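Letters A, B, C and D mark the chains as written, and numbering starts fresh at 1 in each.
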Amino acid sequence: MSFAITADFIASGNTALLAAHEDDYAALGRQLERRGIAIEKLVARAMGYSVAVPTWGVGTGGTRFARFPGPGEPRHIHDKLEDCGVIHQLTRVTDNVSPHFPWDFVSDYNALRQEAAQFSLGFDAVNSNTFQDQKDQKLSYKYGSLAHADKATRQQAVEHNLKCIEIGQKLGSRALTVWIADGTNFPGQQNLSRMFENYLDAASQIYALLPRDWLIFLEHKMYEPAFYSTVISDWGSNLLAAQQLGPKARCLVDLGHHAPNTNIEQIVARLIHAGKLAGFHFNDSKYGDDDLDSGAIDPFRLFLVFNELVDAEMRKAKDFAPAYMIDQSHNVTDPIESLISSAIEIQRAYVQASLIDREALAAAQDSNDVMGAHKMLKQAFITDVSPILAEARRRKQGPLDPLKAYRASGYRAQKTAERPPVAGNSSGIV
Amino acid sequence: MSFAITADFIASGNTALLAAHEDDYAALGRQLERRGIAIEKLVARAMGYSVAVPTWGVGTGGTRFARFPGPGEPRHIHDKLEDCGVIHQLTRVTDNVSPHFPWDFVSDYNALRQEAAQFSLGFDAVNSNTFQDQKDQKLSYKYGSLAHADKATRQQAVEHNLKCIEIGQKLGSRALTVWIADGTNFPGQQNLSRMFENYLDAASQIYALLPRDWLIFLEHKMYEPAFYSTVISDWGSNLLAAQQLGPKARCLVDLGHHAPNTNIEQIVARLIHAGKLAGFHFNDSKYGDDDLDSGAIDPFRLFLVFNELVDAEMRKAKDFAPAYMIDQSHNVTDPIESLISSAIEIQRAYVQASLIDREALAAAQDSNDVMGAHKMLKQAFITDVSPILAEARRRKQGPLDPLKAYRASGYRAQKTAERPPVAGNSSGIV
Amino acid sequence: MSFAITADFIASGNTALLAAHEDDYAALGRQLERRGIAIEKLVARAMGYSVAVPTWGVGTGGTRFARFPGPGEPRHIHDKLEDCGVIHQLTRVTDNVSPHFPWDFVSDYNALRQEAAQFSLGFDAVNSNTFQDQKDQKLSYKYGSLAHADKATRQQAVEHNLKCIEIGQKLGSRALTVWIADGTNFPGQQNLSRMFENYLDAASQIYALLPRDWLIFLEHKMYEPAFYSTVISDWGSNLLAAQQLGPKARCLVDLGHHAPNTNIEQIVARLIHAGKLAGFHFNDSKYGDDDLDSGAIDPFRLFLVFNELVDAEMRKAKDFAPAYMIDQSHNVTDPIESLISSAIEIQRAYVQASLIDREALAAAQDSNDVMGAHKMLKQAFITDVSPILAEARRRKQGPLDPLKAYRASGYRAQKTAERPPVAGNSSGIV
Amino acid sequence: MSFAITADFIASGNTALLAAHEDDYAALGRQLERRGIAIEKLVARAMGYSVAVPTWGVGTGGTRFARFPGPGEPRHIHDKLEDCGVIHQLTRVTDNVSPHFPWDFVSDYNALRQEAAQFSLGFDAVNSNTFQDQKDQKLSYKYGSLAHADKATRQQAVEHNLKCIEIGQKLGSRALTVWIADGTNFPGQQNLSRMFENYLDAASQIYALLPRDWLIFLEHKMYEPAFYSTVISDWGSNLLAAQQLGPKARCLVDLGHHAPNTNIEQIVARLIHAGKLAGFHFNDSKYGDDDLDSGAIDPFRLFLVFNELVDAEMRKAKDFAPAYMIDQSHNVTDPIESLISSAIEIQRAYVQASLIDREALAAAQDSNDVMGAHKMLKQAFITDVSPILAEARRRKQGPLDPLKAYRASGYRAQKTAERPPVAGNSSGIV
């Protein structure tokens, strides 16, 4: 029988940390009270927050040069669900997974849904894959998929997406995420306008067959892996596409898919204004599409994104219902540790952004009290809300210190024993 | 009486260069013929091309640290028109100027129009200025203009734009170009969504009062001079704004106003697709909004932009009627030399892009002959079309070598004598 | 008589905040104790920290398009010293000012030194200015200064620097900071190698005449205001120059003068390795050389820089004695507020970086416990050390809440009354 | 027997194109003569130019997401040499290959050298590989190689490099190129200084055992594949390392390994000044380390690099002897076509830069004739030197139109028949 972390283990770990936690929590509560904030309300918000984990994220990623797998790598979607279950068990904020096809193909999706439910997991948006050629695939995606010059290749890519929807319906998903690697490596390789039209033509076929209560999430990316141009390279192209497809098409924001220096939080504000924000692929980056751990490089940027999100939530912006997902490549850490840490950093930014007195902020803005308005954001950001996050976990029977609990549990060592290594790079470079 | 370059001077300069020109022109003609291209058709296209010069461009620009004026600086719009007249006389491609208010305020605009006509110049889009405070201005633009938090300040900015339209009608303009410096220097300084809504509210008042046959050109800019965010920071925001305003609102592309690494030619393609391309502010840049001379840093990028434009022209893209304008800051050159050179570089890119066999290119693209398609673009770019540009000028009584003619004419020395230096920085840092 | 903030005013302001401060301070003390850190040691470090304020920073800055002065602008170095005195009085960490010539020219520098001492201020590095032409200047810097093609112009720039040293000696300075705007706007404008050699030739003349106990700080900058190239564009060029000049030449790091995405903290580590780190011009930036308030855009980056500095201090790196200075442009805030806030943010990063257990970190690094090592940094960064900073100020008779104290003092309003507005832009766009 | 392109085939292809070539060549000769340039001298320079081809470049590259192999892929170093031979046969400028180990391991290197000689190929710098784990490798490079925290791992990497030198000596190489992927993915993962010192310690062991007449080329790279930092991230770090190692250590410039907006040509000038320029890895890029075809994205940048190189050659700069190599990833083209095209684009830039009258340029620079100096560069760049390149090939029995000759030869189809497809990704994602 497979090893699992028990509730008792978590509870006994908490006991040792409780006194310190209670001191920190009480002190923060008093400080927030002096600032006019009820800590209980924030704990409630922290408890209500949720972000999905991608099934592929629990495997070790790589670069185009190398991939160095770790011990106990998941071998298939069943192992991945188990790992995702641990992440949720220890963070209590990741109760959905986002599957990827064909990587997660199985024969029985109803069984898979039940299997996930045993880990208290549901299924978020399904991700299609037309950026790799699969064995026995008829037409190659070397020169594109949904935007390919050849209609038959586009059609094949459309059908793959329709299949993903079909699977997703069985899994309880409500959205399809479409990221394509279509683009060009040379000026002149394709006509930039015609390629976009081809994409729209193909995407509209998928759109037409979306189930009634589904959304389609379009994802833009500046450059990798199509080097001179990508068809959906920026949020402007993404918006144009989503507008043309219709109201069920929305724009996904991946934090690593932008030009250097881009003000991502303003893009979030613009997409909210347009009623077109699908949600997020969270990660962090320093140079390019680095897919680093959320909040590892620029935690203030993550906070500023959530400042926009909480602002929109508070003023009940129209059509505002973002889907939150992590999308990272874990090359040198235990992926479970990275996902635990990232989920908490995302939740941290959400709670910090919730500290802001929106009325006071608006008043400072309206009177052009620049320093005053700015300091309200900074004050929220420098507040250490860790006790709130810990308390939220504790109340949901989670650990006060998830990374400590994970390391103490021996989970990875157990899985290393349980999962014989796979020959080759079968889990794929991601 | 004011010094002017004469037709005789130009003609006699050409005489000395004619034999060499004819040899080059004939050789290029033979080469193009072998490539299936009629050189005469290209001369005709070169002769039909036109790009506007900004009145402020003939003054010396500067940085935020210093401005080093040159000799014979224009003192007012009358001197500027004279300088612009010389540029057109020597290039034969700049028969319009784009005025800027309040910099070009005069008491009699009908007289100004006639004055310009004497230099064979007309008036292109009028530019408003709400990024500086003018003497006796009631409300300051320190914290914004069309997007200011305060309605009265927005109103003042709206009225200035309406006044610009009024003047523009007298001058024969057909478009208003709106670039604002509104933005924030600090996260939190303003609500990013509210600021955009304020802008839209104000801009729609201008839009509502546009003359029937006018367009409004919205200009985006990533960062200078509002440092943490700008309201219209990218083409996506620009597109959203133009869509909301209506069919007479279009998006202007300034080549220096984008994030690093941005694929500007694809933005051009997208705006054409959306029927929203207003036109261009041509310049070049290496780092930021450098406002360097067109084609001085990345001539292939300029060519790729024109590749999109000629492609759209050839396939008769809907609502495609771009306005071409130069917008540069000349800090260390004689501005007249820079504008002569830039106008020719722009015309060069237009003619080079016209060399491409669009049918053959489409065939290579459709069959994914990547190298073949790319080489068609490169072949056009490496072709030295200088003889075509020279011939186009010659046939319009212009000089074969405009920079040489300008230097030989002694124009700058004459103007230095005619124009006593102005005290202070009266012509403004641009 | 001139208005001044009194010690009583500060003390009475503290009284009202004391109970809350003591609660926060005690709670943080308990938490740190549990983490093995003595809070008193950190208060001592906070009290020992110091960062210099630039005299020009108390005036309102601008962009190349506009400058919008605020009320009560300082009119001359005497007003500036008064403003700098207030910043130090309220932060207790800015006991030096960095003067700039010719902007701060006076007739009697001994008197100026005594004047500064009355505000408890001393003088840090002197800054020369060869990026602007001054009235009655013989040769122009339009085409460069220390790197000018013309020897006489270089000589003039050398002499200005020598004059700055002479003044600095009277003021008690020990270093000369040299930033030049020399560069080119066009490929080909100058020979890139020859320009560098010209610079080295001129700089070595200054170096040769440095007083025995002085250092020369060379400052690199990627682009503004010389657009296509700058002579000292990056830390590599800076290092080469400092090596060639000799041991008293060091490299200054301005946080805003780098290419997009640059890992500045690693540059700091490299300069420490080379024994060539002069010190810092602190500010923050999102796009280019934005000169925004320190920590306003990317506070984690500021922390990571201090992580390197504290690491070098702890391991007693050779020749490690960095000079700390703020260099910002305050366009939309009260400059005094911005400098107060920035000084505290810099001190905050220093204290946070001091929280790290260097031995434990090294152990995690040596065993490639990536997540463990990273979390040690993050844990230090998310710790809210505000109570330590407040306590350090309090013990030096400073205010617990400096911005609140400043606003309550009415200083700006008093100065607005005392300082009649100057005609024109006499304080210069910086 | 293996298919090969014959001299007769090339000669007969030239016959059909000769008349057109002679017309173009004569016309260019007359034009250059009018500009004071002897075309024969340029043909001689073109004939004397040489750039090495990397053995791995003839295989299809990929991204971290996918690799789409083409038909007739080379299966091993023998096939690769054959392909490289064709590139040289058709361009007559690539008479050296740069091998990579372990990818090109064979049992008999003397035989390999003779095999290469049959294709008129010699061996340029050898490339080591410590960025991937090889089967049966004792210690993993997951956390680094030459800069690894663990001494034994560093030692293993040192030994691999020594083995490469040993092989290189047998092959007739004279230099070792060291690029490592060492770096960190998280702030704090390693101590930035200690990692650099570890690198220097290991590299100095390799340096100490360099054969007397060998050089070591250090290659810097900003980010991929170590995402938050790389040990040798920029030319400054590279310079520091090369200085510390000694006179036989030099700095390699890969055009794609820099921060956005970097002025690469100035880095070239600085390394020449320091006597530390090793040479080049030529490619082009738009966004990151794209490894696109040389001159495909920014041909003017390539020209500006050669402008520095020809300038250094002409003024006989000390220690100036750069090694030229192509380093590209060919994902969507026939790699042979890309390498043919790239070699010619590099040669084109070299010849264009040779058109410049260095004395006239210096005179314009010395008198600050900015536009005049700039136009000398632009005039060289817009000159279509294709007839010179074609003539240089023709005189060496190469084809006038290499791409046309290659396509007509049927080489790829022949090799597709000769080379049965390899199972899996055996040639590796590069």
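Going forward, a residue touches a chain if its C-beta (ideal position, glycine included) is under 8 Å from a C-beta of that chain, and two chains touch if they have at least 3 such contacts.
These numbers were taken from a predicted model, which means no experiment stands behind them.
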item: Selected pair, greater C-beta contact count between A-B and A-C; value: A-B
item: Greatest separation from subunit A - chain, by CA centre; value: B
item: Interchain centroid distance [CA atoms averaged], subunit A/subunit B, Å; value: 42
item: Approximate Å spacing (C-alpha centroids) for the pair subunit A, subunit C; value: 39
item: Where subunit C touches two or more other chains, by residue; value: 142-143, 185-187, 189, 222-223, 228, 260-261, 263, 286-287, 296-297, 300, 332-333, 368, 370-371, 374-375, 378
item: Footprint of subunit B on subunit D - complex, ascending; value: 20, 23-24, 27-28, 30-31, 34, 260-261, 263, 286-287, 295-301, 332-334, 337-338, 341, 348, 368, 370-371, 374-375, 378, 381-384, 386, 403
item: Residues of subunit C that touch subunit B when the two form their complex; value: 61-66, 68, 131-133, 140-143, 181, 185-187, 189, 222-225, 227-228, 260, 285-288, 290-293, 296-297, 331-333, 424, 429-430
item: Subunit A contact footprint on subunit B (complex, rising order); value: 143, 149-150, 184-194, 196-197, 222-223, 228-229, 233-237, 239-240, 258-263, 265-267, 269-270, 272-274, 300, 304, 307-308, 311-312, 317, 361-362, 365-368, 370-371, 373-378
